[in-house]
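Heads up, the next two complexes both have subunit A, just with different partners, subunit B and then subunit C.
Up next, the complex of A and B:
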């Protein structure tokens, strides 16, 4: 029953999203909406590994950048349509996640995090040296005019909305299935989970691949959106920090937490861009992140739970 | 010609190793021995570099300035560890991943604070020896690399003596091993760790001076050192000072060879390749004990 409600809600959101370009003419709505939805995809994708399995990925910026450049590469190579670009980005991200996971998750979770810390620098290095996709100078991507949508920005907005809906559906499916229970078990105690027959390594690798694919796919529509990509901003600092902050602020135990976090943070950012410099904004996000990690490690959802559990006997 | 090029690359790699050693020793203690994943260490090193820059503006040699600032870093480290202890370890939330996130947040906040305070321009120190070099035969060694190498050797050697010869050093290594046992012999593990963390932070001040002597510094430079320092600590074998020195030289050599024979733009990838190779082949590192 709940599943049905959830499904219908997603379909309704998609239908509204498809209609929006004809109802709203103000382009700002789509520019801002694109960023908010991109945050939803990144946050939800990150949470599949970071929240459900408890393995922190500090390299979200690298995955998003990889998605952008996979899209640029496919566009330049065969003038691939957006769908193919997104699929290509997802495959690249999945392979990268799987590879990173395979190299490091067998040993200790700490090493996975350390490796992801270094990942952004490495991918940046590769792109800077790769002149086909523009190198350090960056590359201009002129998107062809879309057939069904009035403007390119509403087109990428809708693409991002589809991605957001897909990622939330994936996250919820993982959470409710045996995979989610297995991940929760290994998060609580990896050895105990392993001993009771949970295939921990396979689950971790699966989560790493799905998470990587989703985060990378969030980057794929960006070249069409901004029509210019360059490595310094593609592998920037903000995404790595935001990807971590959003689920932690919202709550990492359920798919709804990252959604709340993403909407809050993108809302804050939209409000902040007109009033304060980007650096101050990052500073605030960093401080809020620290506050949550210290005081409310389960995020806003955890705070609500704690409040409602107060009356009960533990 | 090729031989001369190679010899120069090897020598500058060795010198670079000295710089990387002093940049990583703090993490060897904090992460290798105390298991505190202080991702913010390289950012504190950048702060140290700006302190040296500040001293230089007032006409003090950057190395001497960093020695003057070092006690402040030591105290800040103790306070920092106490905050970490109160927030995580005392509550029995020794969850490494949460503390990882905590330090990542600190690193970001510090980096942004530095951007706001000093701007994004490159800053360098103005001292006589930067720009001069020592030529022995066909090998040229710029003094701006020799000085950091000397700092690295002194700090590395000193750290090794401190950890193996002094009472406090032994206590630090003991707390890494088994902190309950320390309580039994009536030492406070927290106090020892606080001390150790202060020392780790102290090296950040010295490393900062070394970094700004080698190259101009901007607030983002810490990010390059995160991967590199962790690669060195893991390759060394967690918590081993001789290992750190050896690993720093290995990475310095590899980077220098890549810069000479492949291209400078590829150098940032070296540390990551070494890190992944270490994790895949020998996760305990060269000087580490298997666990």
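Up next, the complex of A and C:
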């Protein structure tokens, strides 16, 4: 029953998104909406490994950048359409995620997080020295005019909406299934989970690959969106920080947490971008994150849980 | 005697220079009630960890129901029917009590994937009223029971109970003992590691005493209790 309501809600969201380009003429809506949806995909993807399995990945920037450059590469090589670019980015992200998953064999906890941070630096260096995709100068990507949509920005907006819907459906499916239960178990205690028959390595590899594929796919439509990509912004710190902050603010135990966090935080950042100078953005994210870590370590969802628990106990 | 359910041959485990388990040989028969005693640090838990695969011994082989499991990962051993409870309860925090039991039910092929079955298990250890509560809200006794219930969910053929009664009161010990007796009556082989002497004397049909990684006595609880070597370890001389 609940699954049906969820499914219908997703379809409704997609239909509204498909009609929006014809109803709304203000291009800013799509520019801002694209960023918000991109963060929905990134934080939802991040949460599959970081939230469900408890492996905190600081390297989201590497995955998003990988997705962007996979798209650029495919575009330059064979003028691949956007769908193919996204699929290519997802495959590349999945493979990198799998590699990251194998790292969990040797390193856990904070050491794992530090290693993921290094991923961004490594990939950044590779791209800077690879002239085919523009090197350090960056590259201009002129997207062909879309056939079904009035403008390129509404086209990539819709593509990102589809990705967001897919990633949320994936996250919810994982969470509610036996896979989600196994991930929650290994998050609590890997050894005890093994002793209960859970193949922890396989589950971690799966979570890391899916997480990596989703985050990378979120980067793929960006070259069309911005029509210019360069390594410094592609592998920026802001993405890694947001990817971590949004699920933490929303709540990491459920698919809805990253969604709430992404919409809330990117909304706040948009408001800040429009009203105050740009660098204040990161400051806001940082401050909100600190406030939440102190006041609501389990995010908004945890806060709600605690409120309702208080109501039950007289 | 028919083929043993568990056969440990020449197992040794070193931590740097410390020999935690030294060339241990052990056969456990089907349906046995085996107790293992020994001072702290004598290698009991390390031996259990070798059997369940949490750590790999440097030497020796371990066979379960005639199959060499020495190289199997832990989860495969669990699926073959080896279950354990941990010395310090290790619940899956962040999950409900019921979900804690659904983990082994999900992943163990022998387990029935039914919520009803999980509820029956909770009833059998008296945790049913707590099914929906988060695991971290349980009391010490309840955590011990959850630990046992989670081990039982797998319908194991060998249960290793590592100090399940530590820190419990007398009536609580009786309660846990009753669960273990009932389990054994259903044909489950039980290895119990315990410091609470009267409980392990009552439960075991056969008792081992370990000291510095070796088995120094093996026999009925009475025989082991009278063994001069065991008395020397416990009382000094």
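Note that the second predicted complex is superposed on the first by the 304 of 314 C-alpha atoms of A that agree within 3 Å, B and C clash if a C-alpha of one lies under 4 Å from a C-alpha of the other, contacts with A are read in each partner's own complex, and residues count from 1 in each chain.
Quick note on the criterion: a contact is a pair of C-beta atoms (placed from the backbone, for glycine too) under 8 Å apart; a residue touches a chain by one contact, two chains touch by 3 or more.
None of the values given here were measured: they were computed from a predicted structure.
A.B. asks: By the touch definition at the top of the document, which applies to A:248: first (subunit B), second (subunit C), both, or neither?
C.D. replies: A:248 sits against subunit B, while subunit C stays out of touch.
A.B. asks: Considering only the touch criterion stated at the top, classify A:227 as touching first (subunit B), second (subunit C), both, or neither.
C.D. replies: So A:227 meets neither subunit B nor subunit C here.
A.B. asks: Where does A:110 make contact in the superposed view: on subunit B (first), on subunit C (second), on both, or on neither?
C.D. replies: first
A.B. asks: Tell me the contact category for A:280 with respect to subunit B and subunit C: first, second, both or neither.
C.D. replies: A:280 sits against subunit B, while subunit C stays out of touch.
A.B. asks: Figure out whether A:25 sits in contact with subunit B (first) or subunit C (second), or with both, or with neither.
C.D. replies: Neither partner.
A.B. asks: Quick one: classify A:191 as touching subunit B (first), subunit C (second), both or neither.
C.D. replies: A:191 contacts subunit C only, not subunit B.
A.B. asks: Is A:125 touching anything from subunit B or subunit C once the two structures are fitted on A? First, second, both or neither.
C.D. replies: Only subunit B; A:125 stays clear of subunit C.
A.B. asks: What residues on subunit A touch subunit B, complex-wise?
C.D. replies: 54-56, 58, 103-104, 107, 109-111, 113-115, 117-122, 124-126, 128-129, 237, 241, 244, 248, 279-280, 282-283, 285-287, 289-290, 293-294, 297
A.B. asks: Spell out the residues on subunit B that touch subunit A in their complex, using ranges where they run on.
C.D. replies: Checking each residue of subunit B against subunit A gives 37, 39, 87-88, 93, 96-98, 100-102, 104-106, 108-109, 111-113, 115-116, 220, 223-224, 226-228, 230-231, 234, 263, 265-269, 271-272, 275-276, 279-280, 283.
A.B. asks: Within the complex, which stretch of subunit A touches subunit C?
C.D. replies: The touching residues are 178, 181-182, 184-185, 187-189, 191-201, 253.
A.B. asks: Residue numbers of subunit C touching subunit A in their complex, please.
C.D. replies: 52-54, 73-75, 78-79, 83-84, 86, 90-95, 99-100, 102-104, 106-108, 150, 153-154
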